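Below, each structure is written out as structure tokens.
Two complexes are shown next, each including subunit A; its partner changes from subunit B in the first to subunit C in the second.
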Partner chain A sequence: MAKARKSRGESMLVRYLVLGGWAAVCLLPILWFLSIGFRPRTEVITPQPIYWPTFSLDAWHLLMSDWPIAQYLRNSVIAVAGSVVIDLVLAIPAAYALARYEFKGREDIGFYILSTRMMAPAIVAVPIFFLFKTLGLLDSVWALMLIYAAINLSLVTWIIRSYMLDIPKELEDAARTDGAGDLTILREIIVPACLPGIITAAVIAAIFAINEFLFTLLIASTSNAYTMSVALANFTGGSDGIIYNAIALVSFIAFVPILILVILIQKHLSRGLTMGAVKG
Partner chain B sequence: MASIHLQNIEKRYGGFVGVQNMSLEIADEEFLVLLGPSGCGKTTTMRMIAGLELPTGGKIVIGGEEMTEIDARDRDVAMVFQGYALYPNMSIYENIRFPLRMRGVPASEHDARIRQAADMVELGGFLDRKPGALSGGQRQRAALARAVVRQPQVFLMDEPLSNLDAKLRQSMRVQIKHMQRQLKVTTVYVTHDQIEAMTLADRIVIMNKGAIQQVGTPDQIYSDPANTFVAGFIGSPPMNLIEGTAQNGTFVAPGVTAPCPEYVRGKVTLGVRPEDCHVGGDNVQGMVYGVEPTGDTTYLTVLAGTKKIEVKAAREYRSDIDVPVAIHFDPAHLYFFGEDGQRIRGAA
Partner chain C sequence: MRTDAPSVSANGVATATPKPAPRRRSPALRKAFPYLLLAPALVYLLVITLYPGIFAIYQSLFVVKFLNWEWAGLGNYSSILQDREFWAALGNTALIGAISLSLQTGIALAIAYFAYRDPFIRGWRIVYLMPMLFMPSAVAFIWKLAFNDGRVISDLLGRLGLIEGNMDWLGSIPLARMTLIVADVWQWTPFLFIIFVAALQGQDQEIEEAARLDGASWPSIFWNISLPMMRPVIVVAITLRGIDITTMFTNVFVMTQGTPGGATETMSYFIYRQGFRMFNFGYASAASVLMLVLTVIIAQTVVKRAFHSGKK
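Right after this comes the complex of A and B.
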């Protein structure tokens, strides 16, 4: 007995060591960014590593004085939030149709939608540029919103669909015999039941959108449309050279909103809302 | 309320026939049970009555109105599902209210009707809970309340008790029957459990391979089976079916002889229920294969040739195995079936 208990304690220890080690690996880059972001530029690149750098707000002052960070953040938020809303409005009914309606070629259409994700984005870069040029939408956050929405639509549809497939069909049959039509079923039964999936898809889409670089660089040419991801590139060229500590600090600032978002909706990211609906 | 007429309905899935050419009259206020093994088409039949599936042929009339092509939401039927199908995001109160909202019942009536329905299934104290916080039996009662709340023309119940444990099943069975008598709503109930069918039904429809085998009251089904399928499906343990030959008023099989009517000839199957077999006599000469006392009765299995015959013996009967034993059949309760499995009946 005692031996069994001991080995159980040991296995718990191993578990914590492994998980703790993995957590440290995941957190290291973030701490690294913070450390670089708050040290003077002279201590960023040195022949010997500096474990206890001098604390400095140089990068912070640089950002605040001659860099419209508020504008960039605002652009990012508008484009990303808008794109996620567009994705959800289009993806939820599409996912429902793909998950539930019987029609010819349903699986093919589902696969086609996902396959748009497999193409290298650079292939469509030039056509997209001319498309938005013709539309007069170059250097506009609205164009970015549309592009982000288009990039993520397939993924969002696919994630939500997989959650919808897990919803017991009996629920819809029950709602139908109770007198509900398709839209009511979607709104009152399906969407609440796959809310964790919808939130997960939205967060993933937001993360992809906020990190998008190629198309943003193509469309945005001034601070009208610069987002955090592209604005970062400002620090890599010019007469000042690469300003590493500013890059690190901006990267960290760009990371914070997503971190807050994920913490807020953490409980929805895990499944379990349908528990109790069917069987036990 | 409403009667239901099924006229030659049929459901095909590509080449597979789910339900074939089925006609059935269900009377107003009747409690009808569709009974059969899984895959026999009973659930498909019910789903066609509900409007969740459309028949590929035939007509469905509910309450005098043709409903064949009408969508489920526009039929006045309420359905209870095997898996309860409660809406997980809504409280029990909102679950029961859902059909009232969907059917446009005035909001002022909602509260009283919800409480009445919940009281009927003894769930009055659980209205604030979410389905996940209820036990299996409570969930199924909530599903019943949701079905009764809007006073539909027809109740459809698809194996509502099969996810419950045996004890709960018995008490829910009584509750369902009581409720149906009280509300006088035409009810179609699907099950593969013959005890449920026998105890609940006004009439039982036995189905196999998409076709009706027999329709009748539980008594008729039990005492006058139409074919070997029905005979072997009903009863616990089911009827003994012994293959043999009959000529000149005698049925013979290895270890078995029994009197039979003159018109029974050739290869036939003898059916005899375990309770119509008695220890002693001269119909079966076999060996004791096993003895199972259950408390109120003892089941004896006799090996005659290669055939095992179930006998409901006296409560105090005991025996070792492999001991010779003789069995006597009650001659008034012997059934004979032809090679096609159909009952052989004398010219009336």
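Right after this comes the complex of A and C.
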């Protein structure tokens, strides 16, 4: 008994060392980067790193004066929100078909949709670049919207499908005997019943869209289409070098809303990230 | 409607066949209905995957110099297969990816093992999630500053007495690769952790309790009971993460640009460099096609199996 208690005590110590240690690994770089955002530029790159900098809003003033941050933010929001809407419109009926109907080729179609997620962006980068060039859509937020929608469509479809599978069939059968058609059932019963899944899918799709880098880098060439993600990389080059304090500040401007969204869907996150394969 | 529901549901369960819809609808339409629901999504995906695939195959048969396309047959492929940079990129992607994925899996399993029974699990989860919620380009800059430009890592290691002076992290092949791995592990271990913890929490607690009463220790319960039970979940999670790691681009673009001597160039960066820095579009397309073939093979074998086991 005493031995058991002792080993338990030890394991508590080990447990909190491991958990606390990893928490430090996660948080310290973030806190340090936050301090970068609020220090003068002269204290960013120094022969000896400065851990207790002077507080300064230099980066903020730079962002407000020299950098069309409102424009980049607007581009991000339009492209991301638009892509999520496209995804939901396309994915909800598709997910319904995959979840509720028996038909030839269902497994293969489902797997094809899933497999588009595995395509490395670089594989399609060159053709997509030429496609949008032909369409005259280079350097446009609309092109980004279409691309983001395509990247996330598989994920959104699979997440929603997984939640639809959980809805008891009896709900639909009742409505069907009441004379409701398939589309009415989808709209009035299925969609409300799997709303948590739809929201989860939308949030995860939005995060991936905000993060997208390669396509945005190729398609956007001016502030017409620069998003937050790629505009960050725009602080490099030039005679000024990399303006780290502004980069840090922008990172946190994007981080806060994402953190809030994720906390809202926390319970569904694992299911969403595995496209429904793991029920959390 | 609500009052009707119980009797109908009993009926529905007993017969288990869907009732014929009261709406009159031709049999042909009924049969086509699921396809009609799927059509918009499928058309969209086909345009965005099939078209680029065909375009890439076509373009890979030409030497493209700006507007001038010169027929090359399989020339691009034969030069790529002899291109040491291509093989190096493939090798780098596999090596960096394998090390990074193993580290992430190990760390995520370890912290999930300690965290899932902890009373403060909700707090830990939010803290551990945070690195994943930064834009990848931001994370790349964090580590570029920490390793190279800001010399913070050198300074900290120096204070611990582990090294002396400034390390040139981009000056040696293993160190440069390590900086990419650190950035990837830091940002993406949360992805696996979140999934592992959910799987552990979703397990039947009674089995653990029973084993506990039999005097089994937590490590042995984890090793002999929990881990085998969550195997399908681990497979799915690692597969998804593995796929993403093989597409690593942003970190390379921001942190190393492939230096030193191409030792950190990944497949994605190779294609980008050939296409958009050197404007060898035909060559880049040929590389894309080869990578696509690899992807399809992996998708058809590993991923299909992973998701089937995941469903069960």
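Convention: the second predicted complex is superposed on the first by the 218 of 280 C-alpha atoms of A that agree within 3 Å, B and C clash if a C-alpha of one lies under 4 Å from a C-alpha of the other, contacts with A are read in each partner's own complex, and residues count from 1 in each chain.
Heads up, the rule we're going with is that a residue touches a chain if its C-beta (ideal position, glycine included) is under 8 Å from a C-beta of that chain, and two chains touch if they have at least 3 such contacts.
Quick caveat, the model's predicted, so the values are computed rather than measured.
Asker: Once the structures are superposed on A, label A:N211 by its partner contacts, choosing first (subunit B), second (subunit C), both or neither.
Answerer: The answer is second: A:N211 touches subunit C but not subunit B.
Asker: Identify the partner contact of A:A149: answer first if only subunit B is touched, second if only subunit C is, both if each is, neither if none is.
Answerer: Touch status of A:A149: second partner only.
Asker: With both complexes superposed on chain A, which partner does A:A193 reach: first (subunit B), second (subunit C), both or neither?
Answerer: Touch status of A:A193: first partner only.
Asker: Contacts for A:I78 in the overlay, against subunit B (first) and subunit C (second): which applies, first, second, both or neither?
Answerer: neither
Asker: Classify the contacts of A:G179 with the two partner chains as first (subunit B alone), second (subunit C alone), both, or neither.
Answerer: both
Asker: Would you mind checking which one, subunit B or subunit C, touches more residues on subunit A?
Answerer: C
Asker: With the touch criterion stated at the top, can you tell me which subunit A residues are shared between the subunit B interface and the subunit C interface?
Answerer: Looking at subunit A, the two contact sets intersect at 168, 170-171, 173-179, 181, 273-275, 277-280.
Asker: Where on subunit C does subunit A make contact in their complex?
Answerer: Going through subunit C, the ones touching subunit A are 1, 4-5, 8-9, 11-13, 18-19, 21-23, 31, 33-35, 37-38, 40-42, 44-45, 48-49, 51-53, 55-56, 59, 107, 110-111, 114-115, 118, 122, 124-131, 133-138, 141-146, 149-152, 155, 186, 190-191, 194-195, 197-199, 201-202, 217-218, 233, 236-237, 240, 243, 246-247, 249-250, 253-254, 267-269, 271-272, 275-276, 281, 284-285, 288, 291-292, 295-296, 298-299, 303-304, 307, 310-311.
Asker: Where on subunit B does subunit A make contact in their complex?
Answerer: Interface residues on the subunit B side: 47, 50-52, 71-75, 77-79, 81-89, 98-99, 102-103, 130-136, 139, 143, 146, 156, 163.
Asker: Flag every residue of subunit A that touches subunit B in the complex, lowest number first.
Answerer: Interface residues on subunit A, with respect to subunit B: 168, 170-171, 173-181, 184, 188-189, 192-193, 195, 273-280.
Asker: Taking the touch rule as given, give the residues of subunit A at its contact with subunit C in the complex, in rising order.
Answerer: Within the complex, subunit A touches subunit C at residues 7, 11, 14-15, 18-19, 22-23, 25-27, 29-30, 32-33, 36, 44-45, 47-49, 89-91, 93-94, 96-98, 101, 103, 106, 109, 111-131, 146-147, 149-150, 153-154, 157, 168-171, 173-179, 181-182, 207, 210-211, 213-214, 217-218, 228-230, 232-233, 236, 242, 244, 247-248, 250-251, 254-255, 258-259, 262-263, 266, 269-271, 273-275, 277-280.
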